[in-house]
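I am attaching a structure below and will ask some questions about it afterwards.
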């Protein structure tokens, strides 16, 4: 409970020196909360301009849609804070989802088994990436480009390019069920986000993640086992991507081997909008959550307003720039 | 130039260490030993190999040849964490700080104090304690810094203080300081000398690398002089003068040392002579052969 | 199919038995389930016919398509079966084959009207017809029209453009497309877009969903049934006739699909090319029909 | 002429301290030439294993296929050395090619006009990216993600999603012509590569590109106008991507608005294989050229050997890892 | 504490400079001026604002308030390049080197010499010349370094030498050195002092920031002492003793200064007293409250 309140306090802003002139204060406020303010502005705009936007139904809808990208983005945040990147997440979504879909009908009611195997697949791919990065000394971009190719190949070969359809009831519940008024994917996402926020901001391991990203050599010199930290983040990245894949599969009641293609770019965009630097050392889970929701709300809003698909990409690009301009204040 | 064999095994002994980087031989058979509780100064010209030697001792580099002994037992430091676990702390010449993190986090990096929540299995970082300890260590060094400031915002001396504070904040058996006073102001240097002396009283061994001979003579029991990757002299602090050591640092031998009796090293005598003035003369006459304009 | 098998065996005895023909195949996207299905069928037929297929994938990129064709030419295949990515942009690759004096066969997608690429034959369907059949189905089902949500594939891709234009031409004036989104053929994107669209239009404002392929129709249907609004929709119609789509029709979440016999096209293509290589005469066009599948004739197709 | 010999010398390896033990020498040799050796090994393997690989015809074919990705990779090398990235290259290929295809038939024989306008489009997009990066202080990843979206939208809107076909003869020559035995795209690529190599390794500007990537703050402190350098590299990136788009359009005798989709990843992979770091400060044009050819040869070889397309991605991934493992020696 | 107004306008004058970083006021109304050809020492405790003030002068920071005058004319340095174009060179405390580049390239960064090929319009970098000049400058500083070595490979002192070499390699009117001797060995420090004296003979003005008062007194004509973002004293070098200056640096005023007549600053007298020993005592008694184990 006290943990919760502390987290809420953390969400409201970083503790920092709070002295200084009024102008400085305003600037610091915008810097700290820029993306939040921007998010609020967009929500207000859509509440006015987009019919039905501000209905409970639609808001639940947006969060549910965002929860898959959101889950993947959680792990990506860890990885990017270490100055890494994971391009394989999209294909992990495909492969893990595929595994899940293949095993789920066979296992009947006991959907824990396919769930664990699916997550295991994510762990395995994360392990491969980590091994290349840590033991092979290969740049994350390339290592995960390789695992991306390998995982996608595996998904295609396993099913010979076919779609796997028809999950069992409990498995489907993962994607379409509700607990009270809240969809299951949303609950999974929120729980995972809280856990990640806790780990990243409160634990020793979290602190080391920032250290590795800030200055890997210094981190090594003070005795942090940087290899272990890197291993962990890629494993986390693999698991969250796999979890995203399971939820996606459950949501679509089937898995295509190409599912998740191109997700990596969306996920990275959301994480960066949330204030995580590609160069490592900086970033928060709460920022990522906002980044994910911001992208989700914009897409939803454009659909509600009936913006043509032709223009949607362009509008998204512009929103992106605006969001980041606000984030920039922070780095000063 | 020879030490009597000590009764107890030395706290740490480096034996015949070699280390080559590509074409550069940084260390060519270096042996030193440090007794428990002793303050040991490592002196030498720039690029003599001092920092490299110490990084071998803290596990940053692996030696190409040679061995490390701890309490008389042969050991290996494959990683800095192995060395730190044995109670060896080091203040690195480049400070080894993470610029993106705040002062307290840097001080406790890799050794974060934790507290239990929900029983002993769920432990979180104790930031309050980190903050309090950081404040204490830095204030006692007489360099108070807000523990929540990002390190990248600090002045040169403040950064150095954080690096020193980190080494002092833990229970060490050996503290290595690589030019710890380089960026410190007069009063801070004196304070650090005091602290070092006090460490000796507590039985904590110190290796200090410095180019300031007065500092070395103020704190050290013994010292070694390195030159071009080798040790060219080992002394107890009373056995030589600052002038002799300065000569040794620059020339690698005392054979051609001339004692003027006033303690001024031969090097300083040359000040005002024309020996090495031509660089500046060249600057004056070069004119515009070098294109200074931007592209 | 039995007949052509017999043809193959007679040709086999006519002396050329020592030669195993190498046929190059360029498919537009092997990661597409429907096309994967098709190439599987082609491989099986090739095994039966004793010819060798070299199947390559242009990965939905015209540049890469040209590269694949060039590499096939380097391998000196005896014939090329090409499934053009685009009726216009793929012509250069096709001409490359002609220029190398290698017989070219076009599978599934036709070149633009008025273009003269000298291929031996075209085996496939006319995607425009699929769109027309979707429209006719709606015209008949809802003579008084209604509001349609349209799930488009990839703008600029010929299968999307043709199916869409066939539909637009044929649908009667009482219908109105009230929303259209590009879901790139993916179940995932279609579901997301449909969810938003359902938010935008409350009950009673939409009557039908038309999708350029089955995966998108399935995604849209899934969004509708999640929202508990299946009953509102008089029609949810796709193209392809994939197994999951048939299941959805059975379950009542989809109402119809226009089946294109992808596997049949692939089999036919391999048969035609083999005939040609063994000296047989081939026609310039083999058009395979589409079939409309609804609940009524579902049992004929369900396995 | 003397320039040429110097460049060849440079191609053979960096001038560095050449003393040291024999083992050191071997290690340094492999470090310097690792990727070249690896490239040679692959070529030898394919010469044996892949029928028709070592024919003049096929080799010309491979280089021609690689020239488009190659052109784009040249500009990307500049950008990546400054620690930047350009995700918009794929959509610039589409937009510039589209412009070229729209104007080429109208201009009859004078294909210089559409050529210049096409390149101008590339410049414009590059300018947009640069403005966001330099004036807006937006991270290159996000700035170019935005220009990517905007350029793609523009291409779709201009032609309403339709393919533009039928270039005039001289325009087509750009893609399919020959000068002597050498295809025009190859000549364009080689000339552009030589020019870029010259600029990057011999000029003041080139030196500043490395400085900005190595330590932007230091570069600023010594008086380098880092903004100007960044502007230049994004303009170069825009022009080379546009040039790639023109050649692609000419090669295909038509332009699709979606042409070039996904090229960015291929290009970045080639550049990184060639030894350029994602973190800036390191890289060469000659490395990039080898990276591009390596990817091209591998793809071609797999096709010639009849490797199933399902496995191709996986094989590519593994090759990538091997290539990079060799490059890693260098950074020690 | 007051200077007589000089006859010629000062080479450079900083007037009432203010600079705030977030909540920290680094400069709170600082004015200094430097005469042509003068050697000026800027002294002060850690975090006094010395580096910040100099970065205002080289265009790295823009002041919040205050002005810069060059030859008596008001000017602005919006970028470092503007300042460098006016003949102001600076040796930064953090060296401002690009680790990925070699020594010669770092020395000439932003000022690469060029030579014509194919006429005057196509110009390429003259690497040979860069190499030769680099060698010359570094050798005359008595720190020879292979000009083709990557800077990241260098020892602390070598890096500092490259930074100094860069400032000396061009025709400057004013050279600013921020703690240039921090990492240099004894003989190298003497050499740098020589070079600085020679610069004065050539009419090149120098501002040197240092914590070594002996160095400041050896080279400077005048100096200013800063404390907490303000100037607390300006002197000609003969007017005060090292001891007085040391007191001023630490206390900000000379009012409570006690002269023991032997030149030892009051601070040093305290050595051995127990004033600030508790930090170390605390270390000895802390025991295991701090968890030192790795996660």
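Every chain is named by a letter (A, B, C, D and E) in the order it is written, and numbering of its residues begins at 1.
Keep this in mind: contacts are C-beta pairs under 8 Å (C-beta built on N, C-alpha and C of every residue); 3 or more make two chains touch, one makes a residue touch a chain.
Protein names from UniProt, one per chain: A, D = Monosaccharide ABC transporter membrane protein, CUT2 family; B, E = Monosaccharide ABC transporter ATP-binding protein, CUT2 family.
This is a predicted model, so every value here is computed, not measured.
Relative to chain E, which chain's C-alpha centre is the most remote?
C
Where's the contact count highest, between which chains?
After tallying contacts for each pair, the winner is B-E.
For chain B, which other chain has the most distant CA centre?
C
Measuring from the mean C-alpha position of chain C to the mean C-alpha position of chain D, what distance in angstrom results?
Centre-to-centre distance between chain C and chain D: 35 Å.
Let me have the rounded angstrom distance from the C-alpha centre of chain B over to the C-alpha centre of chain E, please.
Between these chains, centre-to-centre, one finds 22 Å.
Quick check: how many Å separate the C-alpha centres of chain A and chain E?
47
Mind checking the centre-to-centre distance between chain D and chain E? Centres are C-alpha means, answer in whole Å.
Their C-alpha centroids are separated by 44 Å.
Considering chain C alone, which of its residues make contact with at least two other chains?
Only 30, 155 qualify.
Which residues of chain D are in contact with two or more other chains?
17, 156, 161, 203-204, 208, 223-225, 310 - these are the residues of chain D that touch more than one other chain.
Residues of chain B that touch two or more other chains: which are they?
Touching at least two other chains: 22, 81, 85, 110-112, 114, 294.
Sort out for me which residues of chain E touch chain B in the complex.
21-22, 24, 44-47, 51-52, 81, 85, 93-94, 110-114, 129, 133, 136-137, 140-143, 153-158, 161, 168-171, 178-179, 182-191, 193-195, 197-199, 201-202, 211-213, 246, 249-250, 265, 267-268, 270-272, 276-284, 286, 289-292, 294-295
Which residues of chain D touch chain E in the complex?
Spelled out, the residues of chain D in touch with chain E are 3, 15-17, 202-204, 206-208, 210-211, 213-215, 217-225, 281-282.
Residues of chain E touching chain D in their complex?
That would be residues 58, 60, 79-81, 83-85, 90, 92, 95-101, 105, 109-112, 114, 117, 123-125, 146, 148-149, 166 of chain E.
What does chain C use to touch chain A in their complex?
30-33, 35-37, 40, 152, 155, 179-182, 186-188, 191-193, 195-197, 199-200, 202, 215, 218-219, 222, 226, 242-244, 247
Note which residues of chain A are touching chain D in the complex, please.
83, 87, 132, 136-139, 141-143, 145-150, 152-154, 156-157, 161, 265, 268-269, 272-273, 277-279, 310-311, 313-314, 316-318, 320-321, 324-325, 328, 331
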